[in-house]
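You will see two complexes here that share chain A, one where it goes with chain B and one where it goes with chain C.
So, the complex of A and B:
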């Protein structure tokens, strides 16, 4: 599903060169729910941005759904993001002037669906997150947890193959965080692959697999459900 | 998708009403100033008889003195003498031709309730009306016999017919001009050529003379010479006949020639005529005749005033300054939407999608600025009218062409101004914005 081989990402300025990822290798299988943990600055978000084709990388190869996406054009990357990937951000990233319906509609607009199909998908995904009765509300009229549910509905509306979540519960209290986490687990059980970056070991423990990133490399992998730990790849 | 982009544009404008209003206002001010001066220039440079511009020719003959040209560096005088104007008229070498001059006098209405008033006369020949396609409301022009016999016939403008007869059909009625009774043969409809191409000596943008009468009445009624009179030497004889026989110029002459061959023939005729006059001791200068069609004549006379052109260029520069301000405001507005742009990129919008979205928004601002600018131009032109009065009256009307031009200029210039902010918006790296919200 997602396979990275020796990915490197270097940020360069006039005076300094920062290696955000070094020989980063990882494979995520279909139906996985992977939690990525690690200290601040370890490269978790850089990994997620590269996985979501939001950033390019300096070296290595990246296969998504079996296709090498290393050298594809900017427009092709947009198409892949639109069709295969759903994003959930810590800050929800909802557009404040648009209703929930229109927020969920955003990725569908770039997909070329008919208005009938868009409407159907929006209603279905808002129903999945339990907000179908508030479609015409603005984001500001919702609580943080509800806003994150809208963001999840937006990510789901296009039926992506996998979801990338960057600290999806980082701005929520524990009750709301658990409810969002439960929702993500349900989505995963329905077959969507999820990669989630988090600081919270409790939430990470609810994923099927844990990946720990340190200094831009995968330092360890845990199979949470089998409680089996193995040393890794980059060892 | 276009309706979606339009909706997003209106939402975006509503989101920052102050910033959006400032942009619209900046564009409107620039467009308003531009359109005010462009309209004045456009009307000044208008060719009022485009469809016949190539077949109507203004005649100049160089009857000036041997030592100095009438117009520097070596141009003939703008007008003709009575002798030459009437000789060319009698020669009838064109399809139509009309000598003419400006005069004036007191009009005494038949109705005792209307006070006598002074009015301008256009002394001319009957061909004037057909040559210049003058439209008639009532009646028609006088005939050629009336030209030859200097009959007391008059054609009124619509305005003076309103004054004298309340706008009714006055053909066959009488009116007293300069103490002599005239019969009205026609009333012309609205006819205000701008500029007044057939006589550019004074008041290029003024109204046509209010009464048209046969030119030969100049001699029989000893009508005064209005407009410009220029002489390179004093008349040889005293009195009115002395003036008519002198080298003083006060008469215009227009001829209609349908094709280049006729024009060449007419030019040859003029050369022959001047040579024949030389034998009579006139025309001391070398042959220097001119035949200018309407457009050439307007350009030769530099009808568009220099200061009007300077004002137009200044206003265009002002528009450029307004657009620079708009660029700054737009940049600030689009950069304020960075997180939304980042999100749209993340969920699948290409740079092209975002470029179109923001160009549509820019275009909406441009159209709004253009429409408001049109309002400003209207007030600007009203201001000019208030400042310059009758002179500016005909130069300060916004027509449909100008209205469309205003919106098109606003649209194109705003889209151009928006290119840089739009490009910057499209270049936002999505990853840099998504974490920061």
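So, the complex of A and C:
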């Protein structure tokens, strides 16, 4: 599904060179739910941005769905993001002037779906996150947990194969965080591959797989509860 | 790709942020109103200025000789002057004249086709010229004939009545004898001062009256007279092609020879006459052009300002849109569409205001009614202005990296 080989990312400013990622290698399989932990500044967001084609990398190779995405144009990267990837951000990143309906509609319009199909997808994904009765509301009228649910609905509406979440619960209290986590687990069980950065070891423990990033490298790989989760799913 | 245009979301976003957009729309409306009316006025003025006087403007000038010596023999002086000036190599021809076309000062009379008081009459300017007048004024005979030297008379103010023969412009002929072929006008009689008959012996193409604001500007008659009230004579000189300045110097030099008997003054090129007469129009055009340019510039900057403000305010949103799959072009298009909507409100208001302002100008300043097509052209221009102005900020927006979505909280 996702395969990174010796990815390096260097940020250059006039003063310093930051090696945000170095020899970063990782493989994520279809259907996985990977939790990424690591200290602040270790390169988690950088990894997620590269995985989601938000940023390019300085060296190494990256295969998404078996395709090398190194040299593709900006427009092609936009299309891949739009079709294959769903993003969930720590700050929700909803558009404040748009209703929930219009917010979820944003990526669907870029996709070029017919208005009928968009409407159906919007209603369905808002239903999935339990907010179908508030489609005409503005984001500001919702709690943080609800806003993040809208963001998840927006990420899901285009049926992406791949969901990337950067500290999706970072701005939420633990109750809301848990409900968002449960929602992500449900989504994962429907077959969507998820990579989630989190600070919370408790949440990380609920993922199928944990990786730890330190100094721009995958320092520790351990599979948590894998057997158990698989048992639960299979059982 | 069949990409949906986001018209609905853009419009709803605008509705939630009305103030800035409405101010710009208003600015666009006012700009359009003033630009449309200004261009209409400029076009009208330019049309006025483009009317041909009939004279060879580039090569012509005039000068006045005023004899002050007690024994000044003006009739003979005129003959001598005309002969000498005509002989100058730089001069093509010369005539005495009582008034200068489009200069602002001259004579007008009324002509009628039936003798008697209270009959319909037609106003015309009068130029008293000699038998070289046609060439000096650069007018062409369309029918009939020129004056002969024998019929010319000297007019110093003591004479009664009018000469027997006159030449008139085609425009005057049409006014006097509507629907009559020019050839048939020749030989007809018209009456001046109610009942003094004059015969039309020639019709010329075009020669304008002295007053550019006069409705009968094209109505002109030529009368075969050496005009010289109080020993004052004006010579209208047409130089050889391109030799006006030499001719002016040569004529001045010649006339100065008898400086102890006469005053030579007021030498002025025809170019100058036109510039002075149309100076107000030219100044008006200049002022309106400056006003328009300033307004367009300010409005353009206002659009750039609002769009830049919006781009900066929406940096994170734009990054998010990019992360969600917007191409750079889709970002550019967003701002262009947003601008198009704002501008549309502006130009629709502007269309109404333009007509309103024109109605005011028609009522209070006696301007003409604006031609309808100025409105759509004005709208189009402001639409284009808006799109051009928004292009820079829109491109800036498109260059906001998708990572902006994750890099700022």
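In this text, the second predicted complex is superposed on the first by the 225 of 235 C-alpha atoms of A that agree within 3 Å, B and C clash if a C-alpha of one lies under 4 Å from a C-alpha of the other, contacts with A are read in each partner's own complex, and residues count from 1 in each chain.
In this section, a residue touches a chain if its C-beta (ideal position, glycine included) is under 8 Å from a C-beta of that chain, and two chains touch if they have at least 3 such contacts.
Since the model is a prediction, treat every value here as computed from it, not as a measurement.
Student: Superposed on chain A, are chain B and chain C clashing or fitting side by side?
Tutor: Chain B and chain C clash in the superposed model.
Student: Applying the document's definition of touch, where does A:91 land relative to chain B and chain C: first, second, both, or neither?
Tutor: In the superposed model, A:91 contacts both chain B and chain C.
Student: Please work out whether A:205 is in contact with chain B alone, chain C alone, both, or neither, and reply first, second, both or neither.
Tutor: Touch status of A:205: no partner.
Student: Applying the touch criterion given at the start, work out whether A:107 contacts chain B, chain C, both or neither, answering first, second, both or neither.
Tutor: Once the two structures are laid over each other on A, A:107 reaches both partners.
Student: Output check: A:49 vs chain B and chain C. Expected answer is one of first, second, both, neither. What do you get?
Tutor: It touches chain B and chain C both.
Student: On chain A, which partner touches more residues: chain B or chain C?
Tutor: C
Student: Tell me which partner A:115 touches in the superposition: chain B (first), chain C (second), both or neither.
Tutor: Touch partner of A:115: chain C, not chain B.
Student: From the superposed pair, tell me which chain A residues show up as contacts to chain B and also as contacts to chain C.
Tutor: On chain A, the overlap between the chain B and chain C contacts is residues 45, 49, 52, 54-55, 74-75, 78-79, 81-83, 87, 89-91, 93, 95, 97-98, 106-107, 109-111, 154, 158, 166.
Student: If we count contacts the way the header does, which residues on chain A are in touch with chain C in the complex?
Tutor: 45, 48-49, 52-55, 74-75, 78-79, 81-83, 87, 89-91, 93, 95, 97-99, 102, 105-107, 109-113, 115, 118, 154, 158, 166
Student: Chain A touches which residues of chain C in the complex?
Tutor: 1-4, 6, 8-9, 12-13, 16-17, 316-317, 320-330, 401-403, 405-409
Student: For a test of understanding, state which residues of chain B touch chain A in their complex under the given definition.
Tutor: Residue positions touching the partner: 1, 4, 11-12, 14-15, 339-340, 342-353, 429-431, 434-437.
Student: For chain A, which residues are in contact with chain B within the complex?
Tutor: Going by the criterion above, the answer is residues 45, 49, 52, 54-55, 74-75, 78-79, 81-83, 87, 89-93, 95, 97-98, 106-107, 109-111, 154, 158, 166.
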